[in-house]
Every structure is written in structure tokens, then in C-alpha cells.
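By written order: A, B, C and D. Residues from 1 in each chain.
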């Protein structure tokens, strides 16, 4: 899932300081599950901002909402009234949420309350770790199921580098060395020969380096004939 | 529900110091919305008063009640029973502890006490309107079986006493031990899986070659002691470290240990020192003295956070110190550490001197307690918690001396932590009796103020499932969380942590809590 | 005008938390009336939102009182409660609000002095820091 | 001859090679480079010019190479993958070759977290092995990684580094084999303090016949103090400094002298080791000691062609 983290409250407060009527919108998808932007977090953020305002004698009006998926315009349209009725939308979704609101209501301001971080896996409750960077060309079948692009600090294809120390990364001893892990995994699977070969330079054109990416499913796209006007989802 | 409230004031305890003007309070109550009846009685615990208030409640078609008196558990339960009879739902009777929360603590400031009591009453009136009538449900226990895991000293005693209460006992014994036991003795058997909740557990047992399912009402864990594996940061950093008993064995076998010898209380010093039982210290001291006696120049250091030995064994501390054993005490600000790059040096902040000491050692031992190697698997299967020292942790004292946090599962003997046979047997007796009593109730009462999921809000994030100590939440057919009401204890932990606010605790919702807080804050006192 | 009296909210669990003021009352120990006790089944029920909302609604300080961590009736409830309190404290810190206004305490029902001690500690905090926000700000 | 560098010639002659390092300054002043070049000339066969080592911004390695070449010293430029993508790396290789640089050491590079620009965006378009592979193809076939033709290909002798002391140890010889396959001509090892572990690695290297396919330079670091030894042991990832070495430094009356003695002893041991074709002295911040070490290790005079 996409894992995000709330920005520090001070930063959020500064960001929204000039605005009076603020609608805070959370999202029930990834960010709810990673405890960053579900209903609880939205309510807590609003309450904390109100306490701060109270202390500092500032007046702002807040509305707290949550939508099913903020990255889809149909879900956002459900709360259109509230968006239009505010000076500022504070999005408690990944940056896709704030951008979807912005793209659909370009004259409105939609600010991010979260920092969107990683494609991560919950290792245990409250701990998420990065395991994919969305490079657009998956090779983990050759690396024991462990992605070196995301999990190696240097995205090496021919690791581990000389900084691998006791199976830890040179960047931080708390991080596991991805290539050490790949070596161990392949050994377990009896497939060590896979890393004996030289891996050629990666073609990064499938990643962000190839420019902004759009994935299309032609068979799923609606034809001009099928397209409907803006409609309610309920 | 229409909302017809009765307010009962009790003069018995509240007016003893003549601090609160109960008349005024009740007068105020009578002016409040939806209050249809106000009664001030001499003593609400008195059966005459109970008759009086319930009679009036009936006449005025009261459906909710606020009692201004003492804590609920102190007030005569006959009051609640009478209301129940009069068709007032028991969950709509709200008690306000005027005596202990206002009258007694604020006797030096009557005006504020009066204002506070009034605010509490107003908050209670609002709260009682937010409550919903709830039901307590009953489920039959399918059997009166009590399963005892382990046929050692404590297990046998547990089975014997449980049988005396009328329960049918089944001992699951890992080995081939044969002994006379009431009920059934299953040898060569191990617990594989467990399902269900107190009263209706379903266990999967492998007996010899066969795997079978076994229903039971209660479980006694009596799996005994064993030796712990070493884990924890110190053990990881120093691979050659020994548990105390191994050091002991080697020394007794006449092996010369490489000096200096350092004994640290635990492989995980950040864990609480309480886990290192008296027992282990007895052993450590004895060992240190033995080594010193054999050779006066052996270099022995004992590093500890808190040291307590059994009774007269305390004297050994003195003896050891006199023989030249070095003692270093630390606390949370300077726990022992081993740098993996230097695995033969432990550094620790000496509390006495306030500075960090580096101890080079030839042999390192942990005075960690011996625990059963099977504990982890058993705890895992029964979903009960472990303590950091490798024992199974028991539940709150309020739940009873041999309880686990899960109702219906009891624990005794060295599975908790090592102890002598007679103590283990005594615990076994208690555990057996409690398990037998639990099973003989025959019914599980559940419901009332339990958690409830609003499925449309649930993100199926599993947070509730991971957090609940009782296995009450589970993912249902709709791939959303649901609550196994029979297992729910009503603590509300899942409610407080749900990121989607999809769970509420019946009659203790966010709205009720926050409204009560708000009203209490509005009061000026 | 006399300065406003401190307003303190105490979320107390129904086990040792609520037994605590009872124990104090029985021993005849008095304490300041400014504390507002809100009962919850377990401190694990306390949501950070309840604490923030209390501050929003006029509390100058909030405490959460549960069983001792080793003897929590609901096993891990007071640990959960502590984590919620710590989270709120870190939020307050980020927002530039004194985190001392929110505290977690643990008690056992036999500690008669504990509740009065907590109340006076929180009163001291409010007296030192002053009220949270200006008079009459809360709706 | 692949590039005709002095380094290549010494290797080919079968003589025991000596290389050393010159750290470019954190300034735009070429003087320190000139000073070191003058001082060290004749004491080693080639000198590594590090590439923003430990991710600290320094005078660029290619420019440094051009400066020391004016003093008649042969450079080995280090080229890390941290700061440049394939366009820049290939372009800089052409540029370096055009300036007359003939030795290139391909490295993945230390992570920027170690340096003074922690906020930098790292590139890592290649890793050291793919860099070697691309550079080798460029010099042999005149083909870029993207297939584009290069008319006059660069003439370079390609080196790599390998660390026998990084985990997993059992993979370290395999990794050298990968570097050989990718086109490396010589290899500098991480500084050796744990001779036993190094010997183990060399056994594996020899048993695979890698010492016949690549010239191995054993890395040594002269230390000034016991503190330096401890620092390397504790703070430098992938470095093993056994306790007996730290103790020896600590107990010495004059730790500087002890450091020199230790280094010379290590070189003596390495000289005798089969498959080791030379040494690489990394006298970090202590360049002036190199002549003495080379002399005391009996490695003078350096051959000339």
C-alpha cells in the first residue's frame, strides 16, 4: 500500500494560517490503514489545530470529512459542496488525493497534510517498510523475491557492495543489506547461480526517468459513445 | 425509547457531613428536560426505599434512571434487580458517585462541591439519554470438560481438584508418564490448535498418530519448567554466552572456565529486572561463592539491576562480597551493552560510581531464569502472552491468582516461572478449582457493553485484530471486521485504536465520552 | 475578576483508576475540586481524540489514570492507554503546546494517596503554565 | 597493451606493483596536489585520485589527474556511480581519455549519507559492475551502452575494488569473478588487517583461477594512532580490524612508528602471498609517509619503461 505520514502540526498550521474556512478530507484507503489519514486521524488533526488556535487566539473554521478513495474524482464529487464552500481543502490522503481535488477544482486550493512516502509493507503494527519504488520493470523473480532497487540504498543490480557489514547496510546498521538478504534467499532456494552472472545496466525508461507514466487498459476504457456526464456514485 | 428519567438522590452517605444540599440538587433535577420523577430517599440501599422509587418509576413510566449516591458496586444490587423487574433496562441506570468523588474529597469547600455535584448530575442526565438498552445474552457451554495441559506435579493436582467440582478432566501429557488420574489421561499428546473462547473452547490435539478435536469449557496450563533459550541483545552480541545453569553444570563437571567470569542478570537488560527471579540470584550467589572457594583469585563480577534472594539466602550476598565477588548495580540509564565488534567486553554504568565500566570477560553467563522451551508454542497456540523471561505471563490479580488474561484459561506451576514442587502443587489445586468452577457454571454470559463494528466504515486494516487481547474481533464473510461477542470483554481497546472509527463500544461511544467531558467542563467550580 | 480556576479532566478506568478516588475518599484525603472524572472501562478505550477534544472544550490539563501496567485488568489496556497519551503529547509538542498538560498515570486501588497526588500535580502544572487559551474561548 | 599506461606495463612485466592515493583538496587550489605529486613521484607506479571520497565535495578527480600529470605522475582516476548517470559517466570517460588519463577505477561509491551533502539526490544509474561492463565495451567496440557509436574510443586500463571483509564473505570471490567478467584488468582490495580472512578469500580467488585473469593489489592503510584503528573497526562499514592490532597500537610507546612498522610488516606478508600482484597504500591524510613505507618495504626503486 501507499504509506504516508502526517506532516508536523506546526508546518500544517503555518501552511493553513491565512485561511479561515478549512475542509479537512481524509481517505479510507491506504492512508487509513497506515494510520495516517483515516477518520480518526482527520478528527484528531482538526481537534489539535483547534487547540492550537485556541491557545494562540486565532479563529478558523474546520470541517472534517472522509471519502472512500480520494484519488478518484467520483468519490470526491460526493463532497463537492464542502470543497466549494471552503477557502482551503487540507487533504489527509496521499498526494494523489490532494492532486485529484486540485485537478478537479482547479480554482480551489488543496494542500497536503501528509507526506507521501513509500510503497510499503506493514512489518508489524505501526512499522512500515519500503519494498518497491515502482520502477516499472519487475525483476524480483531473479533476485529471490527481494527488490534491490527499493531495498538497496544504491539500487544496485550487482550487489552487495563493500559496505555490507554483518548483513547490514552501510547507510544505517538498522537497515538490512538487501543483497545480503538476496544471497541468503537464493542460497536457501538453491538458485545462487542467478547472482553469479553480471547484470547489465538497467533500462530506467520504464521508471519515472522515462517521463510521467500513464498505464492504459484499452478494453476497459469507455468510448466516447459510452461516456456519461458527471454523476453521483450513490 | 421516549426518555422519561427518574433521578434518585440518596441522603445516607452523601449528607453525612452535611455538605451537599441534596434537596437543592433534586430540585434542580426536577427542572431538567425529560425528568419525570425525582426522589430523595434516606438510604437507597434500604429495601423500603427501593420499593418506593421503583413504585414511582412504574407510575411515571420511567425508562431511564440516574442514581446520585455511591459507586455502582457499593449500592445494593437489589435496586437494579427491582428496576429490571419493573422493565427498566439495567444498562439505562446510571450511577453517579457523589459520595467519593464530591462529598468526601471536597469537604473543605462546600460551594464548589455543590456546583460540581450539580454538573455531574447534568452530565449524567445527558449521558443516560445517549444510552441504549442492551441485553445480556447466554450461551450454553457444550461440555463440562476441563483440559489440563501437562501431567506433572501441578497438572495432576489441578485435575484432581477440578474433578472434585464435578468437571470432567482430560490431561494432555506430552510424554509417556503413566499415573492415576481422574477423567482421561492422554499420553504422547500435544496441543496443536485452539479456537473459541472461555466456556466453549475447541482444541486440536495430536494424540500419538491421531489428530482429534476436543471441546472444553476451561483450560489449565501446567506445562512446567525447562530451560530457556537465550535471546536478547546481549546474547546476540556475545554468541558464547551461557545460561547460568550451563555454567553451573560445566563447573560441576570440573571444567575450568576462562576468566574473568561475568554474570549479568538478563540477556535483555532493558526488560524489567523483576523478571529475574529470586531463584536465579540464589543460584548466582551460590555459584560465585563456590568459584571463589575453589580459587581465591578467580575474577567474578555480578552485574544486576535489582537483587533479591530467598529469605536467609540474602546472607550469601554478604558472604560473596567478603570473598571478593564484585557486584555492579545498574539502572535503566546505563544498561549493560556489548558491542558486537568487541564481543568480549560488556560495558555498564555503575550506579555506585556513576560512570561506565568496561568489563572484559572470558566467560559470560546470564542469571536468566529457566523456563519451558515449549512455553512460546503453547502461549502462541492459546494466544496468551509471554513474559520477557520466557515464562507464560499471568493475568491481572483482579482476575484471580492463577488466571491468564483470557477468561477460562488458568495457569499454574513452573510454566509461570520456576518454583518448588510444593508451591507448584498448591497452585495446581487453586487453578483446578477455579477451572472446575468456571466449567460448572454451564453457561457463558455475554453481551452488554461490548464492541460493535459499523461495517461500511471498516477498512479491514486488521488493527483491532492485532490489538485485542481476547481474540474478539475477526474478519467475517464480508471481509470486514466483526466482533465475537462471547469473547469481547468490553475494554474498548479496539475502539480507541480503530483508524476508521468503525468500532464503537456500546453505551461508551465517542459521543457519550466527549459529551460528558464537555458538560463537565462547562460547569464552573 | 478572580483568575479562572483550573479545569482538569481525568479519564479513569473503571478498575484501579476509579477505585483510586474511592480509596482516597475513604482515607479522608481531600483535594482540589477542579478535577472532572470521566469514567471509561479501560484506559485502552481512551482515544487521543478524547484528550484533544477535552482541551478544545476548555480543559487546561488532562490526565489518564489506569491500572499498573503489570496488573491491568484487561492485560494490555494501560499500555495501550500510555501509547495514546504519548501520541497526543507528541502532537501537542509539534503544535507548540506544553505537553505537560497531558499525562498518563497508573495506580493500584490500595494507593490511597495516589489520586490526590495526581490532582495536585496537574493543578501545579496548570498554575505554572496558566490556562490554555483565553477566557471564554471555549464554546 | 590495452591502454599503455605505466601501471599496465608494470603489471605486465610481472613486477610487484605499488600504487598509492592522493586525496584532492576541498578547495579550488591546485597547490596541495602539485605538492603531493612532487613529493611522491617515483615512489609508486600510479596514484589514485579519489572521486569525492566519502561523498565529501572535493576538487574533481579528472581535473586532479590533469594537474598531477603536469608533474609527471601517472594518475588512476576513480569514477563512482553515485553522482553521474550514464551520459555523464561515458562523457567523462571520453574527456579523461582525451586528457591522457589511462587508468580508471570503477566504483559504486560511498552513500551520500557519509558526506557533507546529505540532501543530495543519488544517481546510481549504474553500479560498479555495470560501469565496468559499459566502459569495457566502449574501449573495445567503441559502442555506448545505448548502442551509439563512438568514433575514437577511449584508451583506458580498467580497475575495480573488492572488499573481502564485507558480508556475505562466501560471495566475495564470486563478486570478483563478476568484475573480471565485466572487464576489469586490476583490482584494489579494501585495507587488510585481518590476514586470515584475506588469505581465505585469496584461496577462493586462486582456486577459481581469478588471480590469473586479474591483477590484484592488496590494500593497506598505515595508522597513526590506536584511535584511528578503533574508528575504522567501529565506524567504517565493511572493515575488520582485529583486536590484537588495536592492542598493539595502544600499547606502543610511539604509535606512529608502530603504525609504520605494522604496515611494512603487512606488506612483507602480502608480498609473499601467491596471487597478490602488488599493494595499494591508502595513507589517508598522511600522504607524506608513503615514501618511507615503500622504502622500508624494500620496494624501491620503482621500475621505469
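Throughout what follows, contacts are C-beta pairs under 8 Å (C-beta built on N, C-alpha and C of every residue); 3 or more make two chains touch, one makes a residue touch a chain.
Since this is a predicted model, take the numbers as computed values, not measurements.
*Asks:* More C-beta contacts across A-D or across A-C?
*Replies:* Of the two interfaces, A-D and A-C, more C-beta pairs touch across A-D.
*Asks:* Once you find the CA centre of subunit A and the CA centre of subunit D, what distance in Å lies between them?
*Replies:* The separation of the two C-alpha centroids amounts to 41 Å.
*Asks:* Taking each chain's centre as the mean position of its Cα atoms, how many Å separate subunit C from subunit D?
*Replies:* 63
*Asks:* Could you put a whole-Å number on the gap between the CA centroids of subunit A and subunit C?
*Replies:* Centres of subunit A and subunit C (C-alpha means) sit 36 Å apart.
*Asks:* List the centre-to-centre spacing of subunit B and subunit C in whole Å, with centres computed as mean CA coordinates.
*Replies:* 22
*Asks:* Which subunit C residues reach two or more other chains?
*Replies:* As it turns out, subunit C has residues touching two or more other chains at 47, 49, 53, 138.
*Asks:* In subunit B, what residues contact two or more other chains?
*Replies:* Residues 467 of subunit B each touch two or more of the other chains.
*Asks:* Please set out, as single numbers or ranges, the residues of subunit D touching at least two other chains.
*Replies:* Not one residue in subunit D touches at least two other chains.
*Asks:* According to the definition of touch, which chains form touching pairs?
*Replies:* So the chains that touch one another pair up as A-B, A-C, A-D, B-C, B-D.
*Asks:* In the complex formed with subunit A, which residues of subunit D make contact?
*Replies:* The contact residues of subunit D facing subunit A are 81-82, 86, 108-111, 113-114, 122, 124-130, 133-134, 145, 161-163, 166-168, 171, 174-175, 177-178, 181-182, 190, 237-239.
*Asks:* Can you name the residues of subunit B that touch subunit A in the complex?
*Replies:* Contacts found on subunit B: 340, 457, 459, 461, 463, 466-467, 498-501.
*Asks:* Of all residues in subunit C, which touch subunit A in the complex?
*Replies:* 47-49, 52-53, 55-56, 91-92, 94-97, 132-134, 137-138
*Asks:* Which subunit C residues qualify as touching subunit B in the complex?
*Replies:* Touching subunit B from subunit C are residues 5, 7, 9, 15, 18, 21-22, 24-26, 28-31, 33-34, 36-38, 40-42, 44-47, 49-50, 53-54, 57-59, 67, 71-77, 80, 84, 116, 138.
*Asks:* Quick check on the complex: what are the subunit A residues that touch subunit D?
*Replies:* It comes out as residues 153-172, 177, 180, 183-184, 195-202, 204.
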